[in-house]
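Which chain is which? They are A, B, C and D, in the order written, and residues in each are numbered from 1.
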Amino acid sequence: MPKKLKIVGFLCNWCSYAGADLAGVNRLQYGHEIRVIRVPCSGRVNPLLVLKCFQEGADGVLIAGCHPGDCHYQDGNYYTRRRMHVLRELLDFVGIDRRRLHLRWVSASEGAKWADVVNGVIEDVRAACEDAPDSALSLRAAAGAGDA
Amino acid sequence: MKSLYTPRLARVKSIVAETRDVRTLRLALEDAADPFDFTPGQFVELSVPRAGEATFCIASCPGDEGVLECSVKRVGAVTEAIHMLDPESLVGIRGPYGNGFPMDTLKGKDLLFVGGGIGLAPLRGLIREVLRSRDDYGGLAILYGARTAADRVYKDELDAWQGREDVRTVLTVDPGGELPDWKGRVGYVPDVLREMAPKPDDSVAVVCGPPIMIRLTLAAFDELGFDPERVLTSLELKMKCGVGQCGRCNVGPLYVCKDGPVFTCAQIKEFMEDIL
Amino acid sequence: MLDELKQQVRELFAGDVGLVIAYGRSRDERTVPVFARKPADADALVWNDRCYYNLTRYLTDRDVMGDGEGKIGIVVKGCDLKTLNVLLAEKQVTRENLAVVALRCKGMKDADGKLLAKCETCTVADPDPALCDCVIGPVPQREPREDDFADVDAIEAMPPAERLAHWSREFERCLRCDACRNICPLCYCRECLASQHDPRWIPASGSATGNRLFHLVRAFHMAGRCTNCGECERVCPVGIPLSTLMRKGARIVRESFGVEPGAAPDQRSPLASFAPNDPDPEEVAIK
Amino acid sequence: MIVKQDQLNARLDDLSKTMEVFAPVRERGRVYFRTVRSSGEIAWDYGVSVNSIKECFLPPRQVFLRYTSGGFETVPVANGRPRLVFLARPCDARGVTIMDKVFLGDRPDETYAALRERTTIVGLACDRPDEHCFCTSVGGSPAGTEGMDAALIPMGDGSYDLKVLSDKGRAVFPDAPADDGAIPEEFVRKAEAAVRRTVTIPETLRDSFGSDYWREVSQSCLKCGACAHLCPTCHCFDIVEEGDCRVRCWDYCQSDTFTKAAAGHDHRGAKFSRCRQRVYHKFDYYPENFGIVACVGCGRCARHCPVNSGISDLINGLNER
């Protein structure tokens, strides 16, 4: 039986959360592996929060915000774009599958895109888990390691 | 394997909200057959699973049947978790640790208790114990100060002590901390102490409170001519293990957890700048 | 050159400088950081090829700076100036409050007498006088080797599982002594999130996962800020190749955002700024 | 009894079938004490290892409790196998006896006691001290056998003089003939002469407690834990919650969080008071409590201090004032 995935989604309040809402109103189907956390802006997502998700056992993390240029706060998503780029590259460098971390733009009108994005992310995370079941950042996986 | 660091379980029997950020928990050990003997002034390590463990003095006295009380001020992760507990929850408990108050030396003396804020907690157990055998001691005086009138802990007990003829109880709040109906003094504890001008004669003073208050109060006792051997204080430096191993709470060669928390002023004088 | 340095430091005290941070003699063949507070202290100064310390680290050390020392004099090498630029850009120090004595440098050597890797590729051996109060020493005649990032390339060439195994072996040795963080002139946070108790962002104990998280977070925080002074790697008691990790961060930032940390005292940190045409995840995804 | 290195190797390979063996191993050019599976991994020619053998008894991370849905369960100490620490230098072996006084005193720590109980220490007399070593200044000797169950004295020709010193040592080397365990005088003399650094502990260290010296000398300190974590006698620890576990892990007295209480008060907030604490704990407080200094002169703190300020320099500097 394939592993039950846990993916944390950080959704900006103004675009992506509304987009996900629209997907629901339109009764679009997408994978239930995602757990959504609403944030005021994708710029609120400190990379530490991403790492905390992995520590607590998440298999993947998705950050979704307004399209570049459309940020409710002018430029929050531009900062996120740089940050997550660097984080993803560094994760990759130490050997953590880059398919576990995603940043996507979903506007309030893109309900269908939201469903696609989620399904695509699930597919990627599943593929990553098939290669290596443990993210190598989970404390829950490591806890059993006991003492020296 | 069970070790020194394996807590026993205690059940929260009731909770009293003392102030906006202090709660007193009445605890009963789950395994009552296993005795829990302590003297006033000792402390315990209380823990909440997944939140952690922290040090609390025992605020009750051995005679209080079957329960022990700890007062907890909400300041960090562990105390926050303790504040979230409901009656009947389980907590981990290790102890009792530390030396406690030297009851034999206190017998027959005039006693002056000086407490500040939640620092009244260890004194409360001691005062209860002393009042229980009132005739064994000389004159008793209590000086208690808090930041504001609302920050006083054990308000009912303070009232009861004030109502007694055989105890002189002086209450004070820091300047600015009084309310219109405040009938006690206004002023910092060391200043009020100087005004009270207790005589060293056959007295023993017992001081507990926040670090700055202890430091200034010990200085005041020095000015008043008290022998440093007869001024006691209960310290509460950051501790972890409770048994003199983890290395945090040194007072010079002594450990607060093992050799204290009750020290004479003479014992700690030399190391004052490292501990307060 | 040393005499000139000593003279310069003595003169600083004649002005409004109260403390000069410099390199001093130690009991062995190495050197120590010294904190000169009067002209006579200048006698203990040294300048040799073991002056690897990046002394700008102490400019944000509250225990050393105290309050009201007057101006602070600091002895730097060209590479340290880059770090100073970052500190200035991040408003951790005020230029008016500093007297910068820069030394022209022939490169520093390790215990075996080998030139440090960063010195082989150094392009700032002759410090920019515009950034300093004075520059001392003869202009070094050196042909720096081009930095080929071979260490980073070697790891990038590994398949992911091997990269993970490689870094796990390195991080496994980590003692969590914090020497790398504490020597870092740019790790100046008053309370490091890695030791914060509440919330606990990074596990306190040394474990494979905890160590990996610690070094990842540090690498992230240094990306675009680290000037590759190499002190973290030098001080690591268990020899973790931290410079490689830091240089990877530097490379990401340079290739993606075109930023060279510490190039100028008014340069914004790349992760505290942006450009509309930055690499976009969706374009990559579509590719 | 004189034994050849390959005899010892063979014995070790035999022992490793039933025992967990910790021995010096070379990794990326530096020597560490690690679990080894065969004698081939051992670095016989080492001087002082980077880490000390203290981690065999006080592991950097040790799970005390594991939480379950209904409460918690206690965790057994490591696995139950007997353990062998092989080729410990005299300074390291002596360091263990210093930790013993803390962990096996009036409130014994059962987890430490269990690890200690099931571990045999086979030492290696030291013929290669470096410029940072000063064991002879703190009551030790490169030929000392304190804390060892058996000792090997290098003869310089690839053979070793094996001395069995305890029943545990006897169990590991049952064939060794009984002797008085005395180390040849010639070796002791030569080995001790090779330790060139001296440190003189002032008799009245306490008088310097209030001295400005500590402010001066601590300025360069980074408040890192390199010295403490490598030290064979530093034993300070923290107890933390991690995921579903309560864990004991190493901590160090220079750290910004070591003495900081939840409410923010830090009784050793200033750098100089932490630096002083470390020196006094080893050279004043511990001796007052246990009669010996808590330093074995291994020199690790000096060798690895990022700013070249080892404890030997701190003490000698005080003398020179």
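Here are some notes:
Here, a residue touches a chain if its C-beta (ideal position, glycine included) is under 8 Å from a C-beta of that chain, and two chains touch if they have at least 3 such contacts.
Note that the coordinates shown come from a computational prediction; the quantities given were computed from them, not determined experimentally.
Contact with chain A and chain C alike is made by D.
For the pairs B-C and B-D, the larger set of C-beta contacts lies at B-D.
Remark: chain B and chain C have CA centroids separated by 48 Å (rounded to whole angstrom).
With each centre defined as the average position of its C-alpha atoms, the distance from chain B to chain D rounds to 39 Å.
Between the Cα centres of chain C and chain D there is a gap of 32 Å. Inter-chain centre distance (chain A to chain D, centres taken as mean C-alpha positions): 46 Å. Multi-chain contact residues of chain B, defined as those touching 2 or more other chains: 76-77. Touching of two or more other chains is recorded for residues 197-198, 200, 203, 207, 210 of chain C. In chain D, the residues that touch at least two other chains are 60-61, 75, 77, 238, 240-242, 244, 251, 262.
Because contacts link the chains in a way that matches no line, ring, star or complete pattern, their graph is best described as other.
Contact between chains, as defined at the top, is found for A-C, A-D, B-C, B-D, C-D. Taken in their complex, chain D has these residues touching chain A: 55, 59-63, 66, 75, 77-78, 242-245. Across the complex, chain D is touched by residues 139-140, 142-143, 146-148 of chain A. Residues of chain D touching chain B in their complex: 64-65, 67, 71-72, 74-77, 102-103, 105, 107-111, 114, 206, 209-210, 235-241, 244, 246, 248, 251, 253, 258-268, 273, 276-277, 280-281, 284-286, 288-289. Chain C contributes residues 26-28, 30-35, 53, 57-58, 63-64, 173, 175-179, 181-183, 191-192, 195-198, 200, 203-207, 210, 231, 234-235, 237-239 to its touches with chain D in the complex.
Residues of chain D touching chain C in their complex: 27-30, 32, 50-51, 60-61, 131, 216, 218-220, 222-226, 228-230, 238, 240-242, 247, 249-252, 255-257, 262, 270-272, 304, 306-309, 313, 316.
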